[in-house]
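The structures come next, written out as structure tokens.
There are two complexes below, and they share subunit A, which is joined by subunit B in the first and by subunit C in the second.
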Partner chain A sequence: MAFSVPVRLGAAENTLIEQLNSAGAAATAERISVAGLPTRRVESYHYTDLKTLLRSVPPLADQNDTLDAFLKSGATPFHVEGAHQITIANGAVAYDDNAPAGVIVGKAEGNALSTRDDVLVHLNTALAKESLTLTIENTIEQVIQIDRRIEGEAAHVLDSAKIFVADNASVTILETLSSSDAAHVGNHATYLAVGRNTVVTHIVIDLSPRAATQFSTSEYTIADGAKLRTVTIHAGAALSRSQIFARFTGEGAHGDFTGLNLVEDGQHNDITIDIRHGVANTTSQELYKQIARGRSKAVFQGKIVVERDAQKTDAKMMMQGLMLSNEAEILSKPELEIYADDVVCGHGSTCGELDEDSMFYLMSRGIPKAEAETMLVRGFIEEVLDPVENEALAEALHGVVDRWLLGKAG
Partner chain B sequence: MADYDDIPTLKDNIDRATVDSVLALDVDKYKYGFETDIESDMAPKGLSEDTVRFISAKKNEPEWMLEWRLEAYRRFLTMTEPSWAKVHYPQIDLQDMYYYAAPKSSPAPKSLDEVDPALIAMYDKLGVPLREREILAGVERPNVAVDAVMDSVSVVTTFREELSKVGIIFCSISEAIREYPELVQKYLASVVPVSDNYYATLNSAVFTDGSFVYIPKGVRCPMELSTYFRINEKKTGQFERTLIIAEADSYVSYLEGCTAPMRDENQLHAAVVELVALDNAEIKYSTVQNWYPGDKDGKGGIYNFVTKRGDCRGVNSKISWTQVETGSAITWKYPSCILRGDGSRGEFYSIAISNGYQQVDSGTKMIHLGKNTSSRIIAKGIAAGFSDNTYRGQVSAHAKAKNARNFTQCDSLLIGDKCGAHTVPYIESRNGTAVFEHEATTSKISDDQMFYCQQRGLNEEEAVALIVNGFVRDVLQHLPMEFMVETQKLISISLEGSVG
Partner chain C sequence: MTTPILEIRNLHARIEDREILKGVNLIIPPGEVHAVMGRNGSGKSTLSYVLAGKEDYEITEGEVLLDGENLLEMEPAERAAAGLFLAFQYPIEIPGVATMTFLKAAMNAQRKARGEGELSTPDFMRAVKTAGTDLHIDTDMLKRPLNVGFSGGEKKRAEVLQMALLQPKMCILDETDSGLDIDALQVVSKGVNALRNAGRSMLVITHYQRLLNHIIPDVVHVFSDGKIVESGDKSLALQLEAKGYADFDNAAA
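Up next, the complex of A and B:
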């Protein structure tokens, strides 16, 4: 009956096809040339229409001649006292031999993510040349920081990390995304295998300047009795999307998935999560807060899937949005997809502006308006940052939020 | 239908009426599955420009209407079927069905006496009163005016004269096109544009009948209006179109019911319903959808792809949708409200029950455009058997919708471990002063609740029915009285066989 209209390809798509073909990834190139980049008609990109938002893609980064220069050029924009730092600059992995005992750092060819029908995953799989490999063998007190940087002229950078946390180990891993002030497109992948009875905190924070576009995909498998906490913070980049794909594979595991989506004038930031309870007796809590000011878009898409065998699952998702301007948009889609009957699942979503009564309370006690606002906003996000135990790290994270509140983010 | 002898052990303590009502359900628990042998006038099979012309000619439509349909048909050819819903079905062959089937009878019966008695008998069997009965023996029953639509045509509309005394127009849409063209031209497709979506466009091209209601300014409709839809003919699609206009300060409550015979083929039902509420007007639209859901192996059943939308065009207007969805193999339905007028209000109350291999993807849209608009959504989904039950709802506030308010609550209940319950809300705030609250839960009937009921002597099925009725109570109370009792029964019936 109806016929389908062939997709018209834009500049970004043509560049991607060219880059994929020259990397020998004909199949992925073919996919993009047939379907194009996802539009709002693709359910998982409903609020982030890449075809419209991603106008152009810069050339692939040349890793070799630039790496040394960058490593010498300076420190990460986000420094945590006592952290052990590993750098991936323009896709190339750089590390030295002084890793703490129990941390094995290496690199491998190829990429980290499982196959998944997602354009960002396909691109990373096809174009990321090498992966950082990180094995955590026991309890590590030091924060392990993976500093992912894009330097120099505008570049399309795809990098990848594969992290294994051995049974009974515990660790805090911090990933920072940053770049020079150019129209980069970053596509970062992390695969994190969380072993049995581990305690793992994984933080991804985007501090890129406003010219950049950053995509990141984190994939987790969570084994028996593990406790995972993830924190995703967006405080930079004109366009960004963080994807989280997590699957519980062992009983008795618990996951806390949290995040802050801070957007201001001209930004479009998206956090998309897909949490799958694959076995019985697992629990998860998702807590995401979005704050939008200026003319901006904050997007949260959350999905909890409870598979057929995942009886006794307890999953609760919460999204709270705070609008600080009338031109801002907060768009959220908290989904539940449930196939097991003996479960307790729920989600909530709220959206509004700062509470007038609270503002009045503070101002009537002599606190100036701007300060009162800041106090309330800080209170609003505290729930996400409070559980981070490492003091130096918590302080640095608060610093990021404070800078954003003062309008000096990125 | 089975009879008492088929039951191996009929316990004495079981109320005979209960047994009757269960037996009436037969194997597939669907009591409206009979087929009535009525000679029909059919359009040639398949969809083409000729089919559209045929339908328009059959309806004696004016030229502008034919042009309108053809335009829709041309648009339709450029569209593709939507795939975002969580439903799976084989490709529908639009060429392998009939788009027009009408009971053959003398042209335009003037009174009920001229209507084919088989038809009236059928409606009697369905429990739809077509005769304007006198009030008998002091038993006062509220009157309900009915427009009965079978396959592609409206067979009879009752209480028209009484309604016309207060200026209310209640007739089939085909009559309205002929007799009130200015009203139809002004409002048709003003809420659901011709090319709104794939099925709405198809409907615009080939719609055959439906109801038309016009409530003049300041009139409170003295009785419930209702339409009863019935698919009877094989291999036909039903494409009805309903248009309700409530002028300033008026009120109307409208009920809709649907059934179809049991067949092992899938039949398509693609309707469009448009509501327009002007200043201070209120429309209450209730649906009990009980199309044939298919047999216990998922064979047959109606594909119910419906576009329903209300436009709160005037200030302080109000539209309220209440739906009970128990039938259809596949339901794809999102009764929505466009809150355009300042201070307007939209409500959506829904119970969606799926059993067997049914698939439901239903919900609502509340589009806040005007200032101080508010909306409320209460959706209860119950999944049993092998079914999938999805709530999909959108709430959005436009930048100019100052002080928009929404409260959404959607709860799902799973009965059995082979079914699925899903929630997909889209919450879009484009305004700082908008306040949206959304909560959703999914759970099963707790063992404590079951224990409590069973310990007091209810058997397992009764206990489930009781708990489920409690679960959906928030919604039930918004149904008109006539539907409430019926619905409670329907709920128990739909869940029959889902436990144990």
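Up next, the complex of A and C:
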């Protein structure tokens, strides 16, 4: 039987085991030596067979060297007018004391995620040395940008951020993932506690170069009356996976979980979400748009769980795919797990090419083909970007998409 | 003799295995308004799409000249920049593209193709406001996504607005009267008439005579089974209205 035969470990797995052992994380090392990285047979990695896709893992980053180098260079990959920036470079947290009033920045040992049986989470828990801690005490107008970057030679970087948004506060947090042009493996973790009656927007954009592999996990707990909007944008790494794990813990809360998976030739990008309605009277909408061109693979796995006590849950999930080439693959796996009886839940999924009649209409007005395509693609993603209220931020996000459309992303 | 704005010679077109245009001949000199009348399914919209360059059709025979240039060799956007405009029978709704953004993109694309500079935003706004006022179009409507949620009348007015802004030399209006109540019909016709001038020609496609009381044609053509079977002055439209198309079907046979 398959499970009685020890799995054959590849280069990536051997490096990970070594790194885990050297960090004293014997238990995690042991799990990987026994099970290997997840294959398609592991349900949550069905379309992203990490064992095959992750060929090698570079050495763990030396935080101190690179942080100094970076702080001297002062480069910013993605600038949003007026944003307050905090940097995590090669896993090390860097900030100065000029944070806006009501924003408390600090750092703590270890990692921010709760325990969860997922290999990327295990790795982050075992190897991330410190976490940025961020407390938002009231209404913050300035966008708070967490600039997570990997500098220097190819490195395996695991970093972590723990964010508390206090009751009645509101904030927009932007996380940008970027790196120097090398075969890095990034593994970024964020835990976000969304307090009561808060209004929170949390945006994560992957802007890393094609050489890089990028993993990110965002975990949310959502308290009573909170309004959370998340936006996940992939516009970078050759291999990436963003995981969103959210749980509603207070009544009357609403979550909009949204994202853009922009995938081009040679890329495999995955957005996997797991949204749990744990108490009564909460609502969520999930809207993910995937655009693929060239020979590429875009993956969306969406799971909504309505727990037994979560009566009156209203959850609607939608995935829309746009194929810009015949070789592209857009995959979508929606799942609803419902244990309460008085709920409204649904999911839908569509996939198509650019609408020919729309193309013809635009061209018949003198708009050349390439420009007409761009207009329609922009129109397609607008539903995701439109709700972002901060104007400078919305403009920067449109810029990311436009650069991707012009083939200059990453 | 002056070059006609539009000259169609023996145009045949098919979709899949079905021939729909079966030898259309038509000459429209500068400044003239020609009406094409024919019953539903006779191929009028097909003619308009073939002229505008829609891909679905295979042209098996014939040629079309726009102001002396070979129209059928051009891409749809090139045809537009060369001065062809089609007011669609069913304007397409495009969610996510704001009408204003679209109008500006279209105007600038055509200017660019003709080697002219980009329109400044104030000039653009002014042009839209002027053209919009005549057509009773308020700016709120233009902030909405293109044609999305527009009523039938709003869609048709938006088509004429585009025509006014793009200043084409050859306008094709496909059933611009359909879905309009009498007030809207008057507004739209007035908008179209305001664009009539000595250098601009129009092809007005309709299957009702009523539109031609408002937009008075120089020539009326009867279209049946993929070709023009009879031409005459505006009284031909009245004759059609009175007798129906049946008489002309024989002419086509």
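Note that in this section the second predicted complex is superposed on the first by the 406 of 410 C-alpha atoms of A that agree within 3 Å, B and C clash if a C-alpha of one lies under 4 Å from a C-alpha of the other, contacts with A are read in each partner's own complex, and residues count from 1 in each chain.
Everything that follows uses one rule, which is that a residue touches a chain if its C-beta (ideal position, glycine included) is under 8 Å from a C-beta of that chain, and two chains touch if they have at least 3 such contacts.
The structure presented is a predicted model; accordingly, all values stated were derived computationally and were not measured.
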{"item": "Combined model on subunit A: subunit C and subunit B, fit or clash", "value": "fit"}
{"item": "Touched partner set for A:Y339, first subunit B, second subunit C, both or neither", "value": "first"}
{"item": "Partner chain(s) touched by A:I273 [first = subunit B, second = subunit C, both, neither]", "value": "neither"}
{"item": "Partner chain in contact with A:R308 - subunit B first, subunit C second, else both or neither", "value": "first"}
{"item": "Touched partner set for A:G379, first subunit B, second subunit C, both or neither", "value": "second"}
{"item": "Partner chain in contact with A:M363 - subunit B first, subunit C second, else both or neither", "value": "second"}
{"item": "After the two structures are overlaid on chain A, angle v-u-w for subunit B, subunit A, subunit C in degrees (C-alpha centres, nearest 10)", "value": "80"}
{"item": "Touching partner for A:I140 - first (subunit B), second (subunit C), both, neither", "value": "neither"}
{"item": "Which of subunit B and subunit C A:L54 touches, first, second, both or neither", "value": "neither"}
{"item": "Partner chain in contact with A:T350 - subunit B first, subunit C second, else both or neither", "value": "first"}
{"item": "Gap in Å between nearest CA atoms once subunit C and subunit B share a frame through chain A", "value": "15"}
{"item": "Overlap of the subunit B and subunit C footprints on subunit A, listed as residue numbers", "value": "none"}
{"item": "Touch list for subunit A against partner subunit B, complex", "value": "1-5, 41, 43, 46, 308, 311, 321, 323-353"}
{"item": "Subunit C contact footprint on subunit A (complex, rising order)", "value": "356-358, 360-369, 371-372, 375-376, 378-383"}
{"item": "Residues of subunit C defined as touching subunit A within the complex", "value": "52-55, 75-77, 79-81, 85-86, 88, 91-92, 94-97, 101-102, 105-106, 109-110, 113, 145, 162, 166"}
{"item": "Interface residues, subunit B side, partner subunit A - complex", "value": "47, 76-81, 84, 94-95, 198, 399, 412, 414-444"}
